[in-house]
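Contents: one structure, followed by commentary.
Chain nomenclature is as follows: A, B and C, assigned in order of appearance, with residue numbering initiated at 1 for each chain independently.
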């Protein structure tokens, strides 16, 4: 198991109407690294995310998570196999507290059914207490513990991001996919995020990161893949990718490297 | 530490006492007709709590909820009346009504729940009407439902050989039939309340609310949204089925007329008006909306006194007010008249709640 | 016959859905109001002006169209606009509430009884291409066809139509391009309501009667037609309406034979619903297009 990559994509293709959003993308994400996925707007990054996490079906190609196929599985099954994600535009359950949001992430790890919940059996109570404790620990882990009982919709932007990450971590992932986590963050929030992501890797998690903030990507990622118009045009360590002529060419058509978007 | 708790206990005991004495008080002060209203409040509270699971928790708009009520009522009516000459006991029929209604809910929900909410609304709306059409017409060529005439002489519930349809002498106290039904319905409504509120604060309930808030995100959390939506649908339907069976026994008579769109809308009103997803609000909604038509009766004499004659039949106002209530509440108080407070978890309190909103 | 009426009503559902993503439950009630207003207009204007039948009908239709457009615009402005950013469930509940309110106001205004729609057109059956048709039927079909041609022209050929299509694609983008989205939405409601009035007058003429409760089933069936054709799709609504009309009349005619006499023609209303469920299950994008299953 440890020899297979955390995530292996093989010839993934997907078209929307006449637009080929992804045309045969293959890449391997080694376990335990932070893997950046960059590219100009409309390059197909989010589509790739959606295909990998099961939100969008691929027209072609397959996808292995730690050597096991996850192509064609529905979203919750992909999550159950250890791939969790966050969303470009944060999607918390606004009316629930931060703690409850994270407890939803723990859903799969519980077993209490209707009867057990209604009867409040000892097992159900134990499970509930365990959920609260673990959710609390996860909120502490991402630095949002103080806001546990606040309604998620009322939290500041940066905190919402952290709660969303805690919620994704609650599903017990081996690979965590973050879709533009720094978007809309100010410099200090971004710095905090950088530390958080780095610490997740130190815990042994593989992180897949879509990001426009080049400083964050280049400073944080162990490897970077560059998509342009649905194709993989470069892949490798940040330093190599940064000087790759194809990448410079792709970005010159849109925006210069290092400027974000 | 002990005092507030004792106070709470005293309050609880007083509340319980008030609930137990309510039919006698109402009977003495307002008359027997209002005891009947009280019975119906409890029955509708049960229905509304069932729909609340579907609409309030899981966020699925079901406009044909009365269909499940009808299923339960007709099951009971057919199996405990001279229509087929069947007289099955109620302790068998109640669970059967719950199961049958849940089964029908799954049958209806399985193909439609993967669609967007609006489609579910339309399909359930149509389904409610279809059930009524079938009840109306399944009297020929084989007489299953006795058509528009409905089924009469339904046997009242009997507990330990004591029929609920006749007054009971208890320690020199005469307990009329309506009072007996009150206690029966009180028990079931309390059960529905406990089941609902315990589910709300459970792994299942949180998953439902997550689906209501953001289905896509719920799936990304590993929640099997399809199964959980079906579960909500089936469970809500089973509440409706039980309430239907109780209703059939209570009325002694069922006909398709009692299961129209009006009823579905009324139950929805109770949920929305009271406070979607908040059990106490829903019960309040049921009480308000059952009592409303009774209160509207007084507008007849009022119109005569003020305007000389009755211009608008009080019964005609009922639906209009329901509709208006839906629109106004949706616009101005989307959380209902009695919204659910943001619940604070005991354990969360160990961190100072509402601390400074840092990292900004 | 009924098919073309369903098609007209379905257009209203589909247009509003296309632009707002909202099922306007109250649309069926607009049809009902259209029918009842026309009956009142005929009752008042007929004796007062002594106009000949067809002309009177035309005037009544005009009154009814105006009344419905007013109602549609009011509906949009008062009920739906304040909720455009609100959760779906809230908007849906409002739509249902408005539907009930309109229905019951109509009941207060016109009463519970069936109102008869006078026969203003020559109704002797005639033979046309081997089929027996009445003048009313011919006019229904002709008017429907005309309304659709006008609508297609409006949507596909005019600036307004282009703005409508842009808004349907993306309201945010359309407003960036200088489209006044509020105005487009109102126009959509106006057009849909005008078609609903037309349909209301037709359905009342067809059955020779109308009542406050007629909007509900008609609305449900027209919505089915819209889904059958592919909701949000204008030609789809037309095709869906016609197809549903055919399915329904064939179904009602043959149901007895199909079930060995077990089910009779009073199950006609069940057909629309069965079609709706089948379409949603097997081909949610409808005959002509647009997916309705939840997007990721």
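Here is the rule we go by: a residue touches a chain if its C-beta (ideal position, glycine included) is under 8 Å from a C-beta of that chain, and two chains touch if they have at least 3 such contacts.
Being a predicted model, the structure only gives us computed values, none of them experimental.
Trainee: Give the label of the chain whose average Cα location is farthest from that of chain C.
Mentor: Here the answer is chain A, farthest from chain C.
Trainee: Point out which chain occupies the most central position, where each centre is the mean of Cα atoms.
Mentor: B
Trainee: Measuring from the mean C-alpha position of chain A to the mean C-alpha position of chain B, what distance in angstrom results?
Mentor: Roughly 42 Å separates the two chain centres.
Trainee: Please tell me the distance, in whole Å, between the geometric centres of chain B and chain C computed from their C-alpha atoms.
Mentor: Result: the chain centres lie 33 Å from each other.
Trainee: Starting from the mean Cα coordinates of chain A and chain C, work out the distance between those two points in Å.
Mentor: The answer is 46 Å.
Trainee: Using the touch definition from the top, which residues of chain A touch two or more other chains?
Mentor: Residues 55, 75 of chain A each touch two or more of the other chains.
Trainee: Indicate the residues of chain B shared as contacts by at least two other chains.
Mentor: Within chain B, residues 216 contact more than one other chain.
Trainee: Residues of chain C that contact two or more other chains, please.
Mentor: Answer for chain C, listing residues that touch two or more other chains: 296.
Trainee: Using the touch definition up top, name the residues of chain B that touch chain C in the complex.
Mentor: Interface residues on the chain B side: 55, 59, 61, 63, 111-112, 114-119, 121-123, 125-127, 129-130, 133-134, 137, 140-142, 212, 215-216, 261, 265, 268, 272, 312, 316, 319-320, 322-327, 330-331, 334.
Trainee: Where on chain C does chain B make contact in their complex?
Mentor: Within the complex, chain C touches chain B at residues 22-23, 25, 79, 82-83, 86-94, 96-101, 103-105, 107-108, 216-217, 220, 223-224, 227, 261-264, 266-267, 269-270, 272-273, 276-277, 280-281, 284, 292-294, 296.
Trainee: Considering the complex alone, what residue numbers of chain A touch chain B?
Mentor: Spelled out, the residues of chain A in touch with chain B are 53, 55, 74-76, 79-80, 84-85, 87, 91-97, 99-100, 103-108, 110, 112-114, 117-118, 120, 124, 127-128, 131-133, 136, 143, 145-151, 155-159, 162, 167-168, 170-171, 188-189, 192.
Trainee: Where on chain B is chain A touching in the complex?
Mentor: Residues 194-195, 198-199, 201-207, 209-210, 213-214, 216-225, 231, 235, 342-345, 347-349, 351-360.
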